[in-house]
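Presented sequentially are two complexes of subunit A, the first with subunit B as partner and the second with subunit C.
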Partner chain A sequence: MKGELTRFEPRRLAALIRKESVQILRDPSTLLIAFVLPMLLLAIFGFGISLDANSIRVGLVVQDDSAQATSLAQALRSSPFLDVEEDRTVPALRAKVVADDLRALVVIPQDFGASFDRGRPIPIQVAADGSQPNTANFVAAYVEGVYGSWAQQQGLVPRGAQVGVNTRFWWNPELKSRFFLIPGSIAIVMTMIGTLLTALVVAREWERGTLEAMMATPIGMGEFIASKLIPYFVLGLGSMALCTVLGVAVFGVPLRGSVLALLAISAAFLIPALGLGLFISAATKNQFMASQFALLSGFLPSFLLSGFIFEIGSMPKPIQMVTYLVPARYLIPSLQTVFVAGDSWGLFARDIGMMLLFGAIFFFLAFRATKRSLD
Partner chain B sequence: MGRLKAITIKEFWALLRDPKGRMALFIPPLMQMFLFSFAATLEVRNVDIGLLDMSQGAYSQELVEQLSGSSNFRQIEVFHSPAELQQAIEQQQVIAAIVIEQDFDRRLTAGRPADIGVVLDGRRSNAAQIVAGYIMRIASGIGADVRSLDPPETVRVINWFNPNLTYVWYNLPSLIVMLGAITSIAVTSQSVSREREIGSFDQLMVSPLRVHEILLGKMLPPLGVSLFNGLLFWVAAQVIFGVPFTGSFPLFFAALLLYNVALIGVGMFISSLSQTQQQAFLGSFLVSVPIIMLSGFSSPVENMPEWFQLIDHVNPAMYFLPVSQGIFLKAMPASAVFDWMWPVAIIALVTLSAAAWLFRARME
Partner chain C sequence: MAAIPAGDPVARATGVVKRFGALTALDGVDIEILPGRITGLVGPDAAGKTTLIRILAGLMSANEGELRVLGGAPGEDLEDLGYMPQRFGLYEDLSVIQNLNLYADLRGLPTPDKRATFDRLLAFTDLASFEDRPAGKLSGGMKQKLGLACALVKTPRLLLLDEPGVGVDPISRRELWAMVKELTGEGIGVLWSTAYLDEAEKCDAVCLLNDGKLLYSGDPAGLTERMEGRVYLARSDQVDRRPLLRSLLDNDAVLDATIQGSTIRLLSAGGERPQIDGVSLTPVPPKLEDGFIEILGGGPKGTSALAEAYTTFERSGQPAIEAVGLTKRYGDFTAANQISFTARPGQIFGLLGPNGAGKSTTFKMLCGLATPTEGQCAVAGHDLKHSGAAARQSLGYMAQKFSLYGDLSVRQNLDFFAGAYGLAGGAARAAIDKVVDIFELGEKVKVNAGQLPLGYKQRLALACAVMHEPPVLFLDEPTSGVDPVMRREFWVHINGLVARGVCVLVTTHFMEEAEYCDDILLIYRSEQIATGSPDDLKRQAAEAAGLDDPTMEDAFIALIEASHIDTRNPRKAA
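Here is the complex of A and B:
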């Protein structure tokens, strides 16, 4: 076995790679996953998902007819972040919150105007739909913002010894969520190709027994694995390039770093992704199982546990520990940096090192699983 | 009727026969449940922030103490120069850094307003915005002792249905929706394509079974598995995760059933279209991902561009998501459930007829 592992003959390898490439090009479903799926995912993340500020439908009940109440109601109506629907009473609007037509209710209470004259203004009320926590938070913040600028305009708040906060968001002053969603979706696309596609294709060969037939030929195991991986490696880089072009041209995400850095990061990530795919196929040898495990250990963690959308620091400790085992966790910060911020080789070197380490581990496991099943 | 029963039982066995297959049906959903419910949160906690304090006075010290006391921040990294600050943000050691200018204490002591600067990592713009909010809230409390009176409360916020904005209450009802989209479609799509790949499909065709019997026999077992998983989650949400269920169970079950029927139609369509299991799997993946991602779970439907929202009208999950959340948390009444769910009935009708048509066409 040891001898076979080290046997490497360029000519034979080249022939094998050609065979594998022809197989890929012949199967329409492979091309579907390599080129149609990336475009679909990019469209979903680019158009379908947006964490940007947007107008939220709220109900407004004005129970006071003073000048202050009227002008505050007007300020709420003209806020670009709120889409206001009015009614005289709370119950009618509450039913709309229950039916998911409105996200919150704002009430300007009776006596609101008069309380200003007394010098001790009473607060307005916001009842947000807690069944959608994120939106509930946003609504509260928007209404507070409208109130604040309204009060300042009316000269209702003297600014004494107060601390103001000037914020500056580096690299993304307009706070476009696309800037992190598009690089993140590229990470998911590469996981799909590296892990899911490889696991499926190799598992099919196991299932059909064509792998055993290959093993009976003088091909060494190293050559065999390399011949499986090199075409998918190229395919992975190809769809990364497609995503990059689309991300920049269609979705307006900047590419501020160098192409070399982008290439190095992506290539480093494909190693653990391919290794995991090979390992899954060798361990399951069954297409349905391989697909399920590839989804569970490849796709879902890249989406949920990589810090792509959900902050790792906010997760419970045991789950945070698990995230260290997810290669995409190391890809996403580097990918976001190379697109949005520019080259930062200190960060890249750390992440590339981790990805290569995981690549080595997965390949070791894949080799072992393959060998065991042949004995 | 007897024939239908026979093939349904046979198909159930085909699904549940071997232990590996059983595992693939029930283990992934359970793993998703635990991963998802705890991981999927847009809250921001335990972040590290940086500080460049050039004022070094009593008020800046107060601010630092308030920040370290907040449970939202884990660690406050002290910088000594703007270059250090820049590097720490660039390498993502901190998500935000506060800059306190030299005259900060002098101004506050004199009873004048003073500003702090906050530099945030725009690569993670969503989390950065939330962190900015935390810092603003803390900063506004500084210097209270030199003010004549505290600013009065201006907006009183309450949260209906989920007073503490617990994310798990949001995640579990949503998970039932997503799980259906994964299981129903994946399992159904495998059914016909597997037989076709193995070659046993021809045997079915020469059996005395009628086409609609084969079709129903292929769809009932996946429906059973999906409903079982859905109900399992319904129980787990309440028992394990403590999510309140305020609405009517029959109403919930009816909506769940309708939703899963619509998805099974989609799965059957893919299955009839595919020649191999691999194609069936890819097809189901290609359909499930948009159904899940565009359901409104990851971000509200109204944030999408108009034309994208229009496309989303064919997505059954877009309708069932508010219903599942609504019946769980808001005791959503039957009329509102009906208003949301009738398009799903139409979708189910369309997907089922399309699947039946394609299945028939492929058989002949």
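Here is the complex of A and C:
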């Protein structure tokens, strides 16, 4: 229909936005997604999931009474990364490894001290629980590290004989994964609001027949789309703000960049998220289908292919190519930078540009699919 | 009939064709809507009513045909169009006043006029005291009125109402009609679509649709007049009304016959008065439905092949269905209160009441799908509480709406239901072959049930319910939406089964169908307000309201009004 998008009257738009806001406030599920879900996600990511390994529980069996053995055991005990439980024999502790109570077993063998005296030190034994490879690697590396520095201190190994790399991690020196997870959960929540919630509310209007009645009034479809866009845009930003405040105040995530940059990046991401939601609902016209498509095309890619949990660099090449089609892929690096590093407008401009490009594509599709017609 | 002289039509359509894939929903339909008139768009479900209304509202495009709505193409002038879709288009989370405000802004009602307009509409629709109630918490009738008010915030020139009378109790329906009638006085052209022929009779002009084709267009009296002198009430001293109905339908001199109280109303096949032995005929004025039936080619034959092949049950003294003080509460809401009745073998027992009155709840308790909070019920002598499985085995259930598996073929549905009712092997095959033959489903056995035409769906649903030949049949609004001939065909089967000693419990909102019942229980707002035969109820109503020869609907309304239940006050949402 001609003039469908240019037909515009502030009063009608205001009335529609007012209606939408009343519905948002009366609908508990909307508020649940916008404000309770972020808190839940942050709590889970902040407290529950952690990709770091701190104070891993290990068993220690010292089978030697020499001074060296006692000193190494002391060094292991005082490591901040290890939580040591000791026993004289292996079987008792092995049972605890099997029961998942301990992650690894360290054995300082008999004759350990004497072997140093002979100048041909025998190795200590580390048996880690391979069913959790990530943790097993951490344990092995930690024990090795403790052993290495202990041996140096004891002068058992000549200084300089062991060339080590002294690593420093910038911006997140302790490699706290929650620094990454909080920006990630902002992306998830905004996808939920922008894509899932928007797709659902528009599909609901098709299902309940309210849109049919709307289409028989003088509203333009542009006004209708704008009336869905604006309230959920505001809701998305509100939810982002909640995530940020909680992340900074409760979980101690730094916000090193500017609030302006954070706002610009989030706002840019909401455009493709909302556009996708509107497109899905107009194309499916039914809540069940809309939620399925929103999960498949919005939520899962944002979760799995954005670099939020799985690093894009370590994905197979074809999958890496696919990630370029996921708008959240451009959000996560910029958000992480804004939180942990600071403003870097060069990077932001590139990412914002990409997100707006996707937004434009989705909106074009959404406008084409939303017709004043029941055909 | 209309006091205002008819001007140029506010909408006119000629030769409208609309196809959905292979299906032709509208096949060359003409319609004209004049200002100040109510034009009835009449026909059974799937006749094409909604499609035509949507085309007129500019929500769908026609494949062929010329359309002129409010002086332009459909959808061009939306300022002067009022449209109420079947589901009202109300926002349930929004209050009454918020809904009105929204539509006022969308239709561009000048802000200073708002309050006065709202006050007028709220008074008109009797909703003034519910201004702040969410629309979702209103009763069906009130939603209907609010939907109408929303379509009227800015007085339109054309008002399109898609089945405003559906699912609303007869009182609200009459009120709604009176309101719309009043509007035509202001020169509004109204299109009122309905499946009720008695409603159509009151319109200034009607367009009768069936299967996408226009069967009649013009003054309803024109259609009725053609039947003048051909309609009689038949009475016989020797034969009971049901065998009489059967023999009349089988008589070639009779085009159509229906039960009306203790008499039979018949339409003669030719112009002259039929001569039937032992039957006295009294001429009565014709109705629109008679004209419709004539166009459709007359009623069915009177003999039911289903009943011929059915088991005969003994009419012992034991009741087939017995309910004692049935009560169902959901939280603090009482859905059914103290319902008690007895239905005997060989009897049709009708549960009547508007939507949401408690019919379905009562039904569910009787089939064992809901446990009564208080009271007992038994089917064919089996108490639902203690021997529910035995009780369910002795009943056949045909649910309201189409409840078969749409993705399975007709044959697969029959197989499934045969198995579900415990028929296996040869017995199942024999039962299936029998119903396929009786209901003429032979050509359709491989078709998916969801793709069947409505009439066939209904036949299939009945076939599934009677395959195991139960002594008790439960039919929940079995004929809603099907055309009058199909409805009669259905009742021929029911009459035949009853003659075999089957007890049939039926709900319906077609008042003329209530005439087929031996006994009726009237439920309103969860209460049982009257019991008796159709003639009893009419007599009770005549006494209560001082009516002379009331119709079933008149009786229904009078009895509700006499029941001292406050009809203004909506009950809590179910």
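Going forward, the second predicted complex is superposed on the first by the 354 of 375 C-alpha atoms of A that agree within 3 Å, B and C clash if a C-alpha of one lies under 4 Å from a C-alpha of the other, contacts with A are read in each partner's own complex, and residues count from 1 in each chain.
The working rule: contacts are C-beta pairs under 8 Å (C-beta built on N, C-alpha and C of every residue); 3 or more make two chains touch, one makes a residue touch a chain.
None of these values were measured; they are calculated from a predicted model.
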Which of subunit B and subunit C A:G209 touches, first, second, both or neither: second
Partner chain in contact with A:G346 - subunit B first, subunit C second, else both or neither: first
First, second, both or neither for A:I319, with subunit B first and subunit C second: first
Subunit B versus subunit C as contact partner of A:M289, first or second or both or neither: first
Subunit B versus subunit C as contact partner of A:L200, first or second or both or neither: first
Contacts of A:L37 with subunit B and subunit C, given as first, second, both or neither: first
Subunit A residues touched - subunit C or subunit B, whichever exceeds: B
Which superposed partner A:T337 touches (first subunit B, second subunit C, both, neither): first
Subunit B versus subunit C as contact partner of A:A140, first or second or both or neither: first
Subunit B/subunit C common contact set on subunit A: none
Interface residues, subunit B side, partner subunit A - complex: 20-21, 24, 28, 31-32, 35-36, 38-47, 63, 74, 89-92, 107-108, 110-129, 132-133, 135-136, 139-140, 142-143, 146-148, 151-163, 165-167, 169-170, 173, 186, 190, 194, 276-279, 281-282, 285-286, 289-290, 293-294, 298-300, 302-305, 308, 312, 322, 325-326, 328-333, 336, 339-340
Sites on subunit A touched by subunit C in the complex: 1, 9, 11-12, 14-16, 18-19, 22-23, 26-27, 208-210, 212-219, 372-375
Sites on subunit A touched by subunit B in the complex: 29, 32-33, 36-37, 40-41, 44-45, 47-52, 54-57, 94, 97-100, 120-121, 123-137, 140-141, 143-144, 147-148, 151, 157, 159-173, 175-177, 179-180, 196, 200-201, 204, 286-289, 291-292, 295-296, 300-301, 304-305, 309-311, 313-316, 319, 333, 336-337, 340-341, 344, 346-347
Subunit C to subunit A touching residues, read off their complex: 54, 57-61, 75, 78-79, 81, 83-94, 98, 101-103, 105-108, 134, 150, 160
